[in-house]
Each structure stands twice: as C-alpha cells, then as structure tokens.
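Scrolling down, you'll hit the structures one after another.
One chain, chain A, links the two complexes that follow: it is found with chain B in the first and with chain C in the second.
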Partner chain A sequence: MSFLHDPQFGDRMITLMAALVLVLQIAMVGQRWLMTNIRMFALQSFLLATIAGTIAFFNHAEHVYIAALLTLFLKAGLLPYLLVRLVKRVGIQQEIEPLINVPVSVLISGGLTLVGYIVGDSFYHPEETSAAAALGHNTLAIAIALFLIGFFMMLNRRKALTQVLGLLCMENGLFLAGISLTYGVPLVVEFGIFFDLLVAVMVLGILVYRIGETFDSMDVSKLRRLRG
Partner chain B sequence: MIVMLAKSGLQLLLLLLVAPLLSGIIQTLKARLQTRRGPDIVQPYRDLFKLLRKGMVIPDTASWIFSAAPYMVFVTAALVGLMIPMAATDAPFSLFGGILAVIYLLALGRFFLALGGLDTGSSFGGLGSSREMTISAIAEPAMMLAIFTVALSANSTNLSEMARSAVSQSWRFLAPSQMLAFSGLFIVLIAETGRIPVDNPATHLELTMIHEAMILEYSGPYLALIEWGASIKQLVLMTLLVNTFFPFGLSPNWTVSGLGLGLCFYLFKLLLLACCIVLVETTNAKMRLFRVPELLAVAFILGALALISTFLF
Partner chain C sequence: MILLWLLLVPLIAAPLAFVLAKRPAMEFVNLAAFAIVLSLAGALGGQVLRSGPVSLLDGFLYADALSSLIVLLTAFVAFVCSVYAVGYFRHDEQNTIFVEKEDVLGEVASQKLRKYYSLIPLFVFSMLLVTLANNLGVLWVAIEGTTLASVFLVTFYGRKTSLEAAWKYAIIGGVGLSMALFGTILTYYAAHRIPGTETLTGLNWSMLVANASHLDKPTMRLAFILILLGYGTKAGIAPMHTWKPDAYSEAPVPVAAMLAAALLNCALYGLVRFYILTSKCLGPQFASHLLIFFGLLSMGVAVPFVLVQRSFRRLLAYSSIDHCGIMVLALGFGGPLGILGMFLHMTFHAITKPLLFFCAGNIQQHLKTDLFRKAKGGLIHSMPWTGAAFLMAGLAVTGSPPFSLFQSEFTILRAAFGGGYFLPAILFVAFLVAIFSGFLVHIANLVLGADPGLPKAEIGRWKKYSVLGLASVIVVMGFWIPSPLIRLIQGAVEIVASAR
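Moving on to the complex of A and B:
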C-alpha cells in the first residue's frame, strides 16, 4: 500500500472531502426539511472527522486524532441526536421557511463561496512550499465559505432551531480552518470549544423548548411581543 | 470510410441493445429494493417488440409534426450516441462535433417531442410540453456549466479528446472541481431522464407527470420509437457521466481485446451508476412541481462553482 505514504494522495483526499463538505453545505441551504438538514449536518461532521483523521495520519500529528474522535462522537453523534430528540419533543412543523426563497438563497451561497475563495487566495503564497501552505490553500477557502454560508443560514431562517443549525455549520467551518492551517489548535482549546458547543446546544435546546411553550411557535420574530 | 462505418455500426448496435436493458435493470432493481417482485430485466424489449407490431391511432387534429416527432427523438438520440465514447476513447462520429453538438442535438429532440405533445391540441399534451420546457430551461445551463468544467481541464470540447485526457490523468476525478461538476451533472441526469424527485417514470396516472403527459396521444410504433429514444437518451447521459468523470478501462484503440475489456468496465460502471439512481429514486418522494427549480438551482450553482474553482486552483 505505497499510496498510503504518499502525502500528495492525502492532499487529494482532503481536498476532495472538503469539496464534499461544501456540497453538503449548499445542499443544506437548498433543503427544506428539518430532519434531513440535521442528518446532513451529521454527515458533514463525519466528513470533517475523516479530514482530521487523514491530516493526523499523513502528518503524524497524534493529538489531531483526539480532535477527530471528539468530532466524530460529539458532532456526528451526540449533537444530531439531541437535535432530533428536541424536534420530536417540541413537535414543531418540520418544514423550514427561509426569509429569502430557496433558489436565491442557493445563488447567494454560491456567491459567498466565491468570496471565500477570493479571501482564501490572498493567504496563499506558492513560494512557501511547505506542506502546511499547500494544504491550506483549497481547504481554507472552503472553510471560509462554510463559515460565511453558516452565518447566512442563521440570518435567513426564522425558527430558533434552524438558527442553531446555522451556528453549528459556522463552527464546522472554523474547525476546518483551524485543522487545515495549523494541524489543529492546542488540545485544551479544542476541548474548550467542544464543551462550549455542547453546552450551547443544550442551553439553546432548553431555550427553544421554552420559546415553543410560551409563544406556541418557534418563530424568533415573535419574540418582540412581551408576555407576562 | 469503411472503418468508420463499421465502428458506427458496432456502436449503434451496442447503443440500441444496451439502452432498453439499462431501463430494465433500473426498473427491476427498484422493485427489488422496495421488496416487490417487479418485471423481468428484459421487459422493455418485450414492450418495444409488442408496440412495434401494433397498429396506430393518430388523432384527427394532428399535423405532420405529430408523425415527425418520434423519428426526430429517436434519430437525435442515436446520433448523439455515436458522438460519445462508450467502450473506446474514439467515438465513431467524434469529428462531427463536440459537446455543444451533443447538448443541442438532445435539445432538438426535446423540442420536437414538446411540439408533438402540443400538436394534437389535447390539454395534457400542452401541460406536459410546458413543464418539460420549464425544467429544461434550467437544466440545460446547469449541464453546460458542468460539462464545460471537464472540457476546460481537457482543453478541448471534443468528447474523445476529453476522454483521452481523462484517461491520461487518472487521479483527476479527485479534484474538487470535477467532484462539484459531477454532483451538478448527476442532478441534471435525474431531471433529464424524468426520475423520481422530478418526474415519475412509472405512471401516467398522475397530474404532475411530465414526460408521460407529452406522449399520451402516441401509440404503436411511434410510441415504441419515443420510448426507445428516451432510453437511448438516458444511456447517453449516463455514459457521459461515467466516461468523462471515471474513464477507467476505456480502450485507447479499436482492437478486439481492448474493446472487450473496455466494454466490461463500461457496463460495470453503468451498473454502479444505475444503483445510485435506484437509491435516489427509492429514498426520495416526488417533489412538488414548483420545487423542481430549487433542485435545479442547486445543480446550476454546483456547476458554476465547479467552473470557477478550475480557474482558482
């Protein structure tokens, strides 16, 4: 298995998986069903964990394995499970109603990807031929695009739960940027982020549940009205 | 000249024989996945044979367009089939035109099919034609963008050139631009062949039908020609997908051993793609008609991103 030790092969696999992550992200913007959206997020996180694992393997960076495992268990397993349970418990309407209609949203995410590429391109210096610089080029652009599209998803959606999904996608983008540029931030920070995220989703889950109970709807635009 | 005729004859034979078989395989696999027994894989041949022997009913209001449409659909599909590489990298008609000719010949066939639907003046025909045109108006640019991505990395719009360059750079399909283009083209394939999230190929009892609504007035040999043409078009699009993105095993020349191996690889790749289509069809429900443009918008964006990313990398 000689290709397993060829860093170029690893590079190609990472770029390919990063592109798949981007495809999933755009599909999430174009998708109306909440459950499918959550499943897509789980799949995206799984791909991210695979990217982290591949980077760890080809660059012999052992601590990245831990980040990969954490991503796998938390973001591809636990968080989607919590979200699905929340959806079932609140019994909300399953269709997402974006503020801007879907074709235009998809077009905007395409434009945001382009922005990501333009921004990522300015960080690219071909004269530095170290592995990290070469690796960062494509994946950094995709990571910025993920971040921007996640932000756009948060803005574009009315329901609190779907905004949580946007937040998680943004975090995925940050994780990809961190891991592709610097082989992951220090482990303590990584733990901190994961713990933060877990708590955030739990708190937001409770919040969403309370919003649903009090206002009979999860539409955050109705939060303006005061209730005793 | 004689060599070219022989090549064309061989490929035409392959095209005409494999196309109904592929439809049959998809039908059977779909039925098995839904735990039905389903028809035999040779059922499309039986259907075609039966239809070709039957008499025809032609509506009184129909003009010559009604009779011309089936021939146009069949001939354009077969002509396109001779322009794309199937088992060998050299397509017999590759000198007659590249990818643009392929796209527009398919569009010509579709145009005549829509005219045939309109010609009888029945309300279902007009409905089907207008839907078909709406969908193809978005699917066509998406398809072009995706194909241009491949053409750009091959530096040629000639399909044989494209296949040859894809064979020479065997890891190219791992590039993100190719992957994006492939996803875009796969959605277009689903839309163009009238598969489930867009259209339901199994029934003409639905108000949201597209393809079936257009051909509702056709019967007998004309219907056989249209159905055969549609299955050839499906084969052509699937071939385009497998051979430009995954060119493994394409024979560089027309020798017997090379062709045999190429054919085996080709049929295997087709089978894999058919499995993907079956999975998509089984796991999805049919979309509402007004949601279809959203799906195609995703395909369009994927194609556009693919094209842009070839320039940026």
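Moving on to the complex of A and C:
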C-alpha cells in the first residue's frame, strides 16, 4: 500500500474529485428538477468531505478530519434531508424555471469557471511549498468558480428554495477555498460556521414555508410590493 | 470577568424570557438585563481607560478602546429600545394589532411578544460578541448570528410585506456575508507564512495586527475588497442597501431602531478592524479610495429617495444609508481628524437615530399609517411632545447646529480638505445640503401646519419617558460630552490612526 503515502497520488485524487465537484455544479445549473438538484448538492458535499479527508490524511491534520466529518453529516446528510422534507411539505412545483435558458446558463457557468482559473492562478505558487503542503492548492480555482456559479444560480432562479440552494453552493465553494488554501480555518470558527449554516437553513426554510403559504407561490419575483 | 458577564447576561435573559412567557415578567427580564449590560459596558469602558486592553480566555475575548466604545453604544441603544418597547407593545396589544381572525384567546399576541422578548437578547448577544471577539472568524460567525436572530423580528407582524422584507434581508445578507467569509479566509491565508498562525489563535486580530506588515499583499488586497462588500452589505452601503428600507419599515419600531443604530455600528466595526490590517499592510491609499467611492455612492443614492419619499419609516431608512455613507467616507478620508470624525459621528448617530424611530413609531401607532399622504400634517396639535421631539431629532440628524452631528460632519469636512480631497468634499457638502432640505421639508410638513382636528394622542408613560429622556440626552450632548466618553473615542482613534 505504498501509493497511499505518495503525495502525488493524493494530489491526483484531489484533482479528480474537485473536477467532479465542478461538473456537478455545472450540471446543477443545467438540471431542471428540484429534487435532483438537492441530491446533486448532497453528492457534491460528499465529494468535498472526501477531499477534506484526503488532505487531512496526507498532512496528518486532525482538525481537518473533524471538518470533513461535519461536512459529511451536515451538508451531505442533514441539510439535503431538511430541504427534501420542505419540498414535500410545501408541495413545491418540481420544475425550476430559470430566467436564462439552459444552454446559455451553462455557457455562462463555463465563463465563470474561466474567471475562477484566472483569479485562482495568482495564488498558486507550487515551487514555494513542500509536496504534501501544496496538496489541493490547485483546487482554489474550482472553489472560486463554485462561488461565482452559486451566485449566478441565485440570480438566475425565481423560486425561493432554489435561491437557498444557490447560497449553499456558494458556501461549498468557500469550504473548498478554506481547505485548499489553509487546511480549514481554526476549529472554533469551523464549528461556528457550521452552526450558523444549520440555523440559516432552518430560518430560510421557515421563511420559504411561510412565503409558500401566504403567496400560494414560491416565485420570489412576485415579492415586489415594497418599492422606493 | 466583565467581558464574560457582558455576553452571559443577554444569553441568560433570552431563555428566561422564553420560559416566563408572561408579559410583565418578560418586560422586567429585558429591562433588567439591558440595564445590567449598560452598566457593565460603562464599567468596561472605565477599565479600558484605566488599564489598557482587557482580554479573557487566552485572548479569545478582547476589548480595547475601539471595542468598548462600540459595546457602550450598543448597550445604550439596546437599553433605550427596551424601555420604549414596553410602551410600544402595550399600545399594540391594547389596540389589538396582533389579533388575527381565528385568534379568540389572544394566544397569538402572547406568542408574538414571547418571540420578541426572547429574540432581542439573542440579537444583542450576537452584537456584543461581534465587538468582543478577538478571532476574526468568530467575528464573522457573530455577524451572521445577528442576521439569524433578527430575521424573525422583521417578520413580527406577519404581513405579506414583512415576509418580503425578511426574505430580502436574509438573502442579500447571506450573499454579502459569504463574501465577507471569503475575505476572512483569504486574510487567514495571507498570514500563513507568519509562524504561529496554524494554531487556534491564528485568526486573532491582536496577533494579525502585530504582524500586519508581513501579510501577503496581493491576497490582502482581494480580501479587503471582499470584506468591504460583505460587511458593507450588512451596514447597508450602496449598492447593497436595498434590503434596508424594507426591513426598517416592516420591523416593529424598537427592532428597526436597533438595526439602524446598533447593528450598523457593529458591521462597520468589522470593517474598521480589517481596515486597520489592510492599511498597515498596504498603506492607507488603497483602502481610502475604495471607501471614499462607496461612501459617496451611498450618500448620492440616498438623495433622490429622500427627496421624493412617501413613507416616513422608509425616509428614516434612507437617512440611515446616508449616515452609513458619511461614516465610510470619513474612514476613507482618514488621518486622525477623519477617524475622529467617524467615531464622533457613530456616537452621535447612535443616540439620535433611536429618537427618530421612537417618534415615527408614536406617530404610526396614532395614525395607523406611515404614509405622508394619509397623515395630513399638523401633528403638533394632536401629539405635542412627539411632534416637537420629532422636529428636534430631524434637525439633529440632518446635522444642524447646535446638535452634535454638526460637529462631527464639520470635523469630517475639515479632514477632507486637510487630506486634499477637494472634489469628494464638495460632493459631500452638496449631498448633505440636499438631504437636509429634503428631510426637513418632509418632517416639517408632517409635524407643522393647521390643526386637522385629530383626537389627542394618548402616549403611555413608557413611551413618553424614553422619548423625553433620549431628547434630553441629545440636547445635553450638543453642548457637553462626558470626558470619559471623549477619552474612549480618542483611544479608538489612536488604534485606527496608528495604522498609518
């Protein structure tokens, strides 16, 4: 099992998984069904947890293991479960109606990925650090792309719940940026962020539920009474 | 120990109010808690003045003059709002505002009050944690916490429009704060070559500021832009201000006053902490230009909306965007004078803004509308005290002498000319004059004029005490500022200005 201690192997694994994360993100932009979108988000979070686990393994960093486990339980398990339950309870129409049609949206996501690579490139200094410590630095570009595409998803979608999903994707991008740049933030902060995330999804979930009840629609473009 | 108690008191008050559930008990818990917090904040200020920065729990909590100034302002606003809230919600309850169709026993009413009285201490707790946390990540968590604690306060009345306002508040705030988190992570990365940052204390502000010149420069540049956009969203600087008028006009008055006068300071506090790091690392020029741009933009955006405003609650929100712009601008002008102007403005704004909201709340409860069109003017005849106080607060908030906001705005102007920023200074004055005239025309039309023959308003004693008390504080502060407060402000200025 000598390859398990080779940083080169770890690097390739991380790059592969990060690429899958990006593919999932773009697929989410193109995908029209809400449930599938939530499942894709769960899978993406699972991959992120695996990336974090791999980095923790090659660097012997215990606190990254904890971050990986938290991601696994919270973002790949609990949050998708809560969202699916919410979809069933509110009886949201399944189809997402993006403002910009799918082919153009996917094209824009591709462009945003390019922006991610351009920005991320300036932080990539492979020659400065040792092999193990440089693990995952090249995923920063993907992290920035996730952040931007998540933001684009929020702008592009009218339904309240899909905007929440966009926000979660942005958060996934931040998590990837955190572990690829600095192997996560200090553990207190990590706990705080996860706690905030959980509460935020609950708060937004209750709001979504009440908007659905009051307006008989989840379309946030109908929220336009307050002006001026 | 003061630091710990400052956080524990509101944290205990929240579940206590929730469990007690009876109105008088909840009122008492809130009033007592915020009175204790205010006196603790005063004690903290005194301790910092006597013996320098205080820290606790291995530097997890940290208070210097800058944090204790913001703590004091937050505690003050929380206390006056809690006094006003007693009268405000009793009035609402008597006028059966809460009662919905199927609510026979008044259960919804007590549920709503319970929600208010247990969420407000949590909201104050998060704001205090923002100012006392040393770790910049914890600071972020706490600012996010303020959003989460206050979303359901915005939906308090359960109208369609309040849901809309809360949705915008939560989503725009969420996006903004994720940018701020990105900025925080980048700051952490910028410090990765400094030894000792791998540990738990790696994101501590006191440690970063000691090594600020070794931070990675390109990373800090990007980080500051993200932080400015992120915490700027929370403070409500243009173009991320759109949630503000909605949230301020839909939330109950005590909540709106807290958002405008306390949360604004806390968000700017986060920005100031990063500003210090950035100017130590990159020199003040880079941050200054960005801050001047966004400050002027916020003031400029507020002008047309103030001039043609139809609702007096929204008018106050645009005034708050304007004042936020002034503070950001003052920070951008920089120099000891500009920063002094910013902290003076922050202090005076925090005591003036609640009075405006309280008067607006009294008027809204009396007329049952917040539109100028329906109000018809001449309010001074039916509500003499509130009308007079509203007019006075209006004069104060637009920066007319002798009120104290004139002093701070004048200081900022001097800083602008002193720093050689002529064009921004001219724009600053132009915007101030436009907002002054627009704001005062609206307030004067509302308060003065012929008697429309409305019945005399009944203002409960809690509402009267808070309005009169706050009005006298504003008058006194126009002529005399307590010397410990001045020294605290000077201490805060030194911390920020030493970054240059």
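Observations, loosely collected:
The rule we apply is simple: the second predicted complex is superposed on the first by the 216 of 228 C-alpha atoms of A that agree within 3 Å, B and C clash if a C-alpha of one lies under 4 Å from a C-alpha of the other, contacts with A are read in each partner's own complex, and residues count from 1 in each chain.
Going forward, a residue touches a chain if its C-beta (ideal position, glycine included) is under 8 Å from a C-beta of that chain, and two chains touch if they have at least 3 such contacts.
Values in this document were obtained by computation on a predicted structure and should not be read as measured data.
Three-chain overlay on chain A, with chain B and chain C fitting side by side and no clash. When the two complexes are overlaid on their common chain A, residue A:L176 makes contact with neither chain B nor chain C. Look at A:L86: by the touch rule set out above, it reaches neither chain B nor chain C. Judged by the touch definition given at the top, the superposed model places A:V189 against chain C, while chain B stays out of reach.
By the touch criterion defined above, A:A18 lies against chain B but remains apart from chain C after alignment on the C-alpha atoms of chain A. When the two structures are aligned on the shared chain, A:I96 is found in touch with neither chain B nor chain C. Of the two partner chains placed around the shared chain by superposition, chain B is the only one that A:A27 touches, whereas chain C remains out of contact. Ranking chain B and chain C by residues of chain A touched puts C first. For the pair chain B and chain C, the minimum alpha-carbon spacing after aligning on chain A is 20 Å. Those residues of chain C that touch chain A in the complex are listed here as 60, 135, 137-138, 140-141, 144-145, 147-148, 151-152, 155, 160-161, 163-168, 170-171, 174-175, 178, 181-182, 184-186, 188-189, 192, 199-203, 218-219, 222, 245-246, 249-250, 305, 308-311, 314. Residues 171, 174-176, 179-180, 183, 291, 293-295, 297-298, 301-302, 304-305, 308-309, 312-313 of chain B are the ones that touch chain A when the two sit in their complex. For chain A in complex with chain C, the residues that touch the partner chain are 119, 122-123, 147, 151, 154, 160, 163, 167, 170-171, 174, 177-178, 181-182, 185-189, 192-193, 195-196, 199-200, 203-204, 206-207, 210-211, 214-215, 220, 223-226, 228.
The part of chain A that touches chain B in the complex is made up of residues 12-13, 15-16, 18-20, 22-23, 26-27, 30, 32, 102-103, 106-107, 109-110, 113-114, 117, 121, 137-138, 141-142.
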